[in-house]
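When the chains are written out, they are named A, B, C and D in that same order, and each has its own residue count from 1.
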Amino acid sequence: MQPESRTPVTLRESGDGLIRAGVTTFRRELLIAFREKQDVINPLVFFVLIVSLFPLGISPETEFLRDAGAGIIWVAALLAILLSLNMLFRNDYADGYLEQWVLSPQPLAMMALVRVSAVWVASVVPLLLLVPLLGLMLHLPAERIGVLTLTLLMGSPVLLLIGAIGAALTVSVRNSGMLLALLMTPFYVPVLIFGTGAVTAFGQGASITGHLAILGAMLALAIVLAPLAIAAGLRMSVANG
Amino acid sequence: MSTTLLEARQLYCERDDRVLFSGLDLSVGSGDIVRIAGPNGAGKTTLLRVLAGLNLSFEGGLSWYGYPLHQQRDWYQANMLFLGHRAGITASLTPLENLRCWVDMRRPHREELLWEALADVGLEGYEDIPSAHLSAGQQRRVALARLYLSTEPVWLLDEAFTAIDQGAVKVLESLISSRAAQGGAVVLSTHHRLQLDECRVLELGGSLGFAT
Amino acid sequence: MGDALMQFDSLQSLIAMNGYGAYVWSSYLVFLVVIAALVLGTRLQYRRIVLDQQRLVRIESRKASERKPQNESGS
Amino acid sequence: MWQWFHKLGSPKWFFGIAGRLIPWLGFGALILLGVGIVWGLLFAPADYQQGDSYRIIFIHVPSAYLGQSLYVAMAVAGAVGLIWRMKMADTFIAATAPVGAALTFVALFTGAVWGKPTWGTWWVWDARLTSMLLLFFLYLGVMALRRALEDPENRARASAILTLVGVVNIPIIKFSVEWWNTLHQPASIKMTEAPAMPASMWVPLLICAIGFHLLAGWLILMRMRNEILYRERRARWVRDWLLSQ
C-alpha cells in the first residue's frame, strides 16, 4: 500500500468555511471544559469561598450584608474570572496547538472572539447560576439579586474579553498569575463601578437603565476591540515558540 | 521552471546577540525538497518559523506565489502546513478529535478519511482514547497523520523525524517525496540521514546561508 | 513680578509657612528625592553599560590575541 | 516605503541628535524649575481659602499632567512601533515608563499631602486622585510586563499592545471614576477646581509646567541613549563611542 497522501494537492483560494471553523473552535472549547471539569469547578469554589470570607471578616449583620452584598459578589466574580483566565491559552501554548490554531487560515480576531465566548459559556455562566444562591446568603432582597445577576450577565463578558488580552500577552511567561491580575485589574474598574452602581441605584429606587446602557456600551466596545488585541497578543506569544 | 511557491530574499535574523543568518535567499518551487542543515542553535527552527509566518522579528522579504506574504497571510496559511517541535496534540482530546479539530479549521472533510489517516500512521485501535494515554511517539504520529490529510502544497517540517520509530521514518520519507512529486514543496530540518536523492541542502551557521 | 513680593519676612516664617510648612516642604522633598532617584538610576544604567562594553572588548581582544600565535585556522 | 521608515528611526542618527539636545534640556529645566519653584514658594501670594498649602500646586499639577501625557505618548510610540516596526519606538517606551511612573507617584503623593490640611484626611477618594492611582497601576503594569518578557521583540510588541489598550481605557476609567465620585462624594469635599488664579499664581505655575516638560525630556532622552547603547552594543560606532568616553 504505497503511502500516498490521502488527498491530492489543491491550491486553495483562501480559508473558506468561517462558520465551520467557528463552530469547531466553540465545540472544542466546550469539549475540553467538559473533559477537564476541574478547571471549571475551581473558580466556582473560589467564588463561593471569597464571598463567605466577607461576613466572617467584617460582620454578619443583615443590614451591612444587604448594603455591601452586591459589591462583594461583584468583586468575588471579578477575582474568579481573573483566576480562570490564567489557564485560558496556557495548555494550548504548552502542547503546541496554539501555533496550529494561529496558523489556521481564518481571521484570528474572529476565532479569538468565538473562543472567549465559548469559555464564557463554559466557565462564567455556571458562576452566574451561583449568584442567586450567594445573594440569599448575603440577605439580599430577591429583586436586587435579579438586578445583580443582570449586571453580572452584561459585565462578565467584558471582564473575560479584557482579561483575555492579558492572558494572550502573558501566555509565554512562566508563573504569570499575579502579573495577569496586575495588568488587567485597572481595566476592570469601570465595569465594577457601573455594575455595582446599578444595584445600589436599584436599592435606592432610582432607575437603572442608564447604568445598563453604559454596561451595554462597554460590552459592545469590548466585543469589537478586545479580539483585535487578543489576536495581536497571541501572534506575539507564539512567535518564537 | 516550476512555479515558485515560497521565496525569501535577503533574510536577516539575529537572536540574543548572535546573527543566525543574513543575506539568505531561498526559492522553493513546486517539486522541490529543501533540507535545512546545520549544527544545533544555527537557527534552523527560527528560519522555519520565519518561513511559516510565525516569527515576525526578521528583516528581508518573504513572498508566496509572487505576492508579499504579509499581505496574503490567510491565502498562504490555507496552503501551508507547519509541524513544529511540539506535536500540537491536546492531551484531553482523542486523536480522532484532534485531527477533526485541525482539519475542520481548514476545509470540509469526510469522517472516514480521519480513520484511514490514523490507520496509515499505525494507530488503529487508539483512535478514541484520550491522547494523554498515548506515548510521545504515538502523539507525534497523530501529528504525522495530518500529512496524510493535508492538501496543502507547502510543508514546513521542523525536526520532522524526531521521536518516531524506524517504520514511521520510511512512511514519512515516502510521503515527502510523493508530496513533491504531486507538485508540492517541502522544507524540513532533521538530523536524520535522509534517503531522498532529489533534495537540496541549505547550510546554516558558519558560511553565508544560501541554497547550494 | 507684579504684586508678587517676598511673602515671608524671616527664615522661620518661611519654614513654618503659617502652619502649612510640613505639608509643603514634605511634598517638595519627595519631589526632589524622586527626581534624584531617577537621575541616579539613569547614571548607574549608563555606567553599567560602559563597563559591560569595556569588559566585552577586553575579552575579545584577549581571545583575538590567543588565536593570533597559532596559524590562522579559518574563521 | 517600509525600508525608508525603518531608516528614519536609525539609532545612530537619533543618538547624535539626542546628545546635542540633552544639555539644553537639562539647563533649561534647571533654570525654569528654579525660577518657577522659588517664585511659587516665596513670592506668590497665599491663597485666601487654603493659605500656603496651595503652594504644592506648583509641582502637583505639572507632574499630574505629565504623568498622563507621557502615557499617551507611550501609546503613540507603541502604535508607531507596531505599524511601522520601528525599533526606536520601543526604546521610547522603555525610557519613558519609569519617568511617567515616578511623576505620577509625585502627583499622587503631593495630592494626598495637599488633601490633609484641606480636609483633614491623608487620602481622599477624589475623582482625580483615584484616576491618578489607577494610572500609576497602568505604568506598573507596563513595567512588570516588560520585565517578564525576555525576548526584545516580544517585549516591544507586548508593551505596545498594552499601552494601546491602556490609552483606550484611560478616558473610560476617568469617566467612570468621576461618575462614581459624584455618586458617593458629598459636594463639600470635592477637590476645588484650580481656583481662578491671579497672574502672580498661574505665571509661576506655567513656568514650572514648562520646566517639568524639559525635565522629563531631559530624563527620557538620556535613558533612550542608554537603551540605544545597550541594544546596539555590537555595532562598531557604539564600541568606538564607548571606548572614547
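As a working rule, a residue touches a chain if its C-beta (ideal position, glycine included) is under 8 Å from a C-beta of that chain, and two chains touch if they have at least 3 such contacts.
From a predicted model like this one, the values you see are computed outputs, not experimental measurements.
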| item | value |
| --- | --- |
| Where chain C and chain D overlap in contact partners, by chain label | none |
| Label of the chain whose CA centroid is most distant from the centroid of chain D | B |
| Pair of chains with maximal C-beta contact number | A-B |
| Per-chain CA centroid nearest to the all-protein CA mean | A |
| Inter-chain centre distance, chain B versus chain D - centres from mean C-alpha coordinates, in Å | 47 |
| Chain centre separation in whole Å, for chain B relative to chain A (CA means) | 34 |
| Chain B and chain C: spacing of chain centres that average the CA atoms, whole Å | 51 |
| Inter-chain centre distance, chain A versus chain D - centres from mean C-alpha coordinates, in Å | 32 |
| Residues of chain A engaged with two or more neighbouring chains | 239-240 |
| Chain D residues counted as touching two or more neighbouring chains | 151, 153, 157 |
| Multi-partner residues of chain B (each touching 2 or more other chains) | 56-57 |
| Which chain pairs touch, all of them | A-B, A-D, B-D, C-D |
| In the complex with chain D, residue positions of chain A that touch it | 162, 165, 169-170, 172-173, 176, 179, 182-183, 185-187, 189-190, 193-194, 197, 200, 214, 218, 225, 229, 232-233, 236-237, 239-240 |
| Residues on chain A engaged by chain B in the complex (per definition of touch) | 2-17, 20-21, 23-25, 28, 31-32, 35-36, 91-92, 94-97, 99-107, 235, 238-241 |
| In the complex with chain D, residue positions of chain C that touch it | 1-8, 14, 17-21, 23-24, 26-28, 30-31, 34-35, 37-39, 41-42, 45-46, 49-50, 52-54, 56-57 |
| Complex contacts: residues of chain D adjacent to chain C | 37, 39, 41-46, 51-53, 55-56, 59-60, 63, 98-99, 102-103, 105-106, 109-110, 113-114, 116-117, 198-200, 203, 215, 219, 222-223, 225-226, 229-230, 233, 238-239, 242-243, 245 |
| Residue ranges of chain B touching chain D (in the complex, touch as defined) | 17, 56-57 |
